[in-house]
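The following pair of complexes shares a single chain, chain A, combined with chain B in the former and chain C in the latter.
Our next item is the complex of A and B:
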């Protein structure tokens, strides 16, 4: 029996170039992670500032890889990833400041809380399509932040929660930038390899087919709504887990840090990575976007203005994002190398 | 009693203003299936332009009212020509992303131009109180309430009775058939964007003197107006009025009697409940929601 991927490819002739169904190798992803792991040893050794900036970038990247599953794969535009990241952070903040519980347990609780939130929110919203779904997720985002602000003693209100314990792994407290770098990189590796493995797996293919053409997915006997719920839960679980780690790494959280602007930045990164939500492209986009302010002087003031312009230009001129540009460059290169037109991605 | 009337007036006025903003969204979303998250920009911009017109250029409030509405309308037309026409007919997801980016750009531009601190607009009515049946009511709120009602009435007459309105209705019903019958999309689209943007700017300059003006109002305003359109039903102007009043009154009553700082929670819960139970809206016909 031929693999489902090939069957779908033959059914969607025109879009096979536009939509990469083919199994993607995990090697580039593993290679990138390895390079990131070697980076501090090679030439970032003393640069504590850069190490902590990169640790922040890895957290953002992990949240974006999660969001890519729902927005890139299932093609559901979600504006609520920031709030769900906040749910994970608050789960950690509330438990860790009150009880003496090991970090791995709190992390598990956060991931489950996020996935559960995703499930609860998915049930009423996933019947909605297109614009209605997007608006519903903005409603969810605003509602969660509103609840966090009004949470009284439990959530600390507008000031949030401070004084979380240091992240502890195997009895060792981590606080130096180098250690936090490896902690966040480890989480990013787990998340991105999981997502990369899912991309190649049957269920990942089903989620992507659902987003690409839900009618076709239906004809294949794929339970469309259930696949969307799974995508939403995966994205939420990853988002909340990352939020939990964020709370541990920074030690303080407040509700406005997880507001609609944060959600917007996450979404913009995913779109910059490319509309198919490929794992490596999303990761690279997240790291680039986080490093950009470090290299542009006085960029912080107009950060959101530039992001807005980037988004407008992306939609108008390069809907494929980074991975689209990469594909185009790669196919040009291949065409040049083999000297035959059209023998590239088809 | 005084608190109750004050809260009722507050809620009703906020609701009517939302209905007026929703009018533009209703027209554009109904016509082109185009989600414009930047629509709230015209509302906020209306307020800031009014500040410039009155304090820097020394204009009278009433002159500023008309000029600001026209400026917002023209801006709407410009955005239509430069950006929106280019992505017409593409995936609604793309319009959401694009206008989200546009909202960010406009918000930051406003912040850089007028500064980040909240501002107050002075109008001849904002300090006045009207005595009515022994109650003292804020004249600005009353003006915004009646003004919104009148403008919505006028626009619905325009849509119901004129050739322009006929074309808009034809286009909403069947985009391609209307085109085949000679309706020019570009002209019509420009007209609709002018109307939508001008009424939204008008809403801003009418109600904002009663409140403070903040740069961060763009997205929440647009989302609330979308909530009104969805709750009221797509394509139904009076459905929007009912939904606007429902939303405005319930948020202000919750604020007054249950707990303060609950505006967001109440409003967005209502939006989610409405989307869950009646995605086609109160008055709307069945749409592909």
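Our next item is the complex of A and C:
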């Protein structure tokens, strides 16, 4: 056990190479989704309130996983995800209250509308750098909300649209909190697995490389602007698809729910998930941040104050976000493991 | 070396900045299989020429042909996808990726470009494994799983070279590969270049005369934007105009 040969072996990491980015396994993500799928059966049976809150958290998480592709991967600060979420919600609201069209079709239309909006908005703005791009997206955000407010009969003006049909899957109308829980979780599963698969794919690498160093990406044959456009379209398509589901789940939408504050919350969640926009970390951050206010109810009036403080502390003391904390904990653990091994050798 | 069309042909390349001609009607060829040096005193127009070849700047007039294909106005990424790969004067790695991942970045464009027969690596895993072999070639296996930010600068330079080779370039552009290096680090880079030349043609821009003389088969000398000499290192060294330009610059 303590022969010198063994010692040398344990010190050099032989042929086993870590693949922290490239070979990020989808297993933790699948495991988390599985745990979420089992939650209602184990803990939450009958807790209708919590099931509804979590359904909302899953919608937020899906929108954030989309936003992470732009902000975490391509490193473009986008303040317009909330409005694009609204585009999807309004696409659903406008079509579903006027025509008898199945939900999956409206969902598809919303995703395409979102991706198209993303394309139209990306083309003129993506040549802007850093903060200027962020400011342009604030403009986009306000423009879209302005259009929704001034949309007359089509968008229902400031009061929005009410009376959407119930979400219907395979002929079954879903309305109980437990059913909506699984509907939103299914969407989150689709979105997060798609994003997780993209992360490992060539296009995911290329989008992330444009974010890390666009000059380098260009020098290695990657069309930087096109990749950023794709990232923006993916984020917008996911955002709008989620917005569409939101409209179905709540049945009512109004323009102010998709305002700049909502966009800011989405952005904060992505940053808390970690600067690289890893899928699982973003998802977990979204669920935690949505649940936080619920657990702060005992603070009543100063709830928002505490919420704000928690967010500020996280940014100050964990600038790498959740994934940064995880990395640090993991390397500490590994350092501890190797150190204790070294100690036994002596 | 067998065919007569040069790998890279520059014709009357010109670039001016606000009335000053940084590069004035420069023409030269880079032949396949050679290590070609582009040298000259400060302000000679080397970097501008280099940038016009890799696509960082666009020429005002003239033409750049690579394998007979006109690339004068092509964007940088398109040139890279045609096999023109560059390194950077300031080491340019992704610090939060491992050495292995950084080298892997070089093989990204070739992952789906199977048409021109450059890529055996259709699949991701094959590319990943191919990188491992490349790391071995460059003595980087032992640091493969270290973060790029953690390894010393000369090692980072080797990582850059390995990454450039992962792109399977036909023409490798090296921007001042030994700038700011010690003598022993220089010889390390020289050895790496010797390895690279088996698979790619190299065009390098460099200040250091001694290094250039030992590394290059052919030299092109620029002075104040004009081409003043083009030929074998020994001939160039003896050229009077070259001596004058260098002594003039140093005096």
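We adopt the following convention: the second predicted complex is superposed on the first by the 297 of 346 C-alpha atoms of A that agree within 3 Å, B and C clash if a C-alpha of one lies under 4 Å from a C-alpha of the other, contacts with A are read in each partner's own complex, and residues count from 1 in each chain.
Just so it is clear, a contact is a pair of C-beta atoms (placed from the backbone, for glycine too) under 8 Å apart; a residue touches a chain by one contact, two chains touch by 3 or more.
What you see is a predicted model, and the numbers here were worked out from it, not measured in a lab.
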{"item": "Partner chain in contact with A:326 - chain B first, chain C second, else both or neither", "value": "neither"}
{"item": "Partner chain in contact with A:256 - chain B first, chain C second, else both or neither", "value": "neither"}
{"item": "First (chain B), second (chain C), both or neither touched by A:149", "value": "first"}
{"item": "Contacts of A:312 with chain B and chain C, given as first, second, both or neither", "value": "first"}
{"item": "Chain B versus chain C as contact partner of A:136, first or second or both or neither", "value": "first"}
{"item": "Partner chain in contact with A:206 - chain B first, chain C second, else both or neither", "value": "second"}
{"item": "Superposition-derived comparison: chain B or chain C, residues of chain A touched", "value": "B"}
{"item": "Chain B versus chain C as contact partner of A:304, first or second or both or neither", "value": "first"}
{"item": "Contacts of A:215 with chain B and chain C, given as first, second, both or neither", "value": "second"}
{"item": "Common interface residues of chain A - those touching chain B in one complex and chain C in the other", "value": "none"}
{"item": "Of chain B, residues touching chain A in the complex", "value": "29, 33, 35, 83, 86-87, 91-98, 100-105, 107-109, 112, 219-220, 223, 226-227, 230, 259, 261-262, 264-265, 268-269, 271-272, 275-276, 279, 288-289"}
{"item": "Sites on chain A touched by chain B in the complex", "value": "75, 77, 124-125, 127-132, 134-136, 138-140, 142-143, 145-147, 149-150, 260, 264, 267-268, 271, 301-302, 304-305, 307-312, 314-316, 319"}
{"item": "Parts of chain C lying in touch with chain A, wherever the complex brings them together", "value": "54-55, 75-78, 80-81, 85-86, 88, 92, 94, 96-98, 100-101, 104-106, 108-109, 111-112, 124, 128, 132, 142, 144-145, 167"}
{"item": "Residue ranges of chain A touching chain C (in the complex, touch as defined)", "value": "12-13, 17-23, 200, 202, 205-206, 209, 212-213, 215-224, 276"}
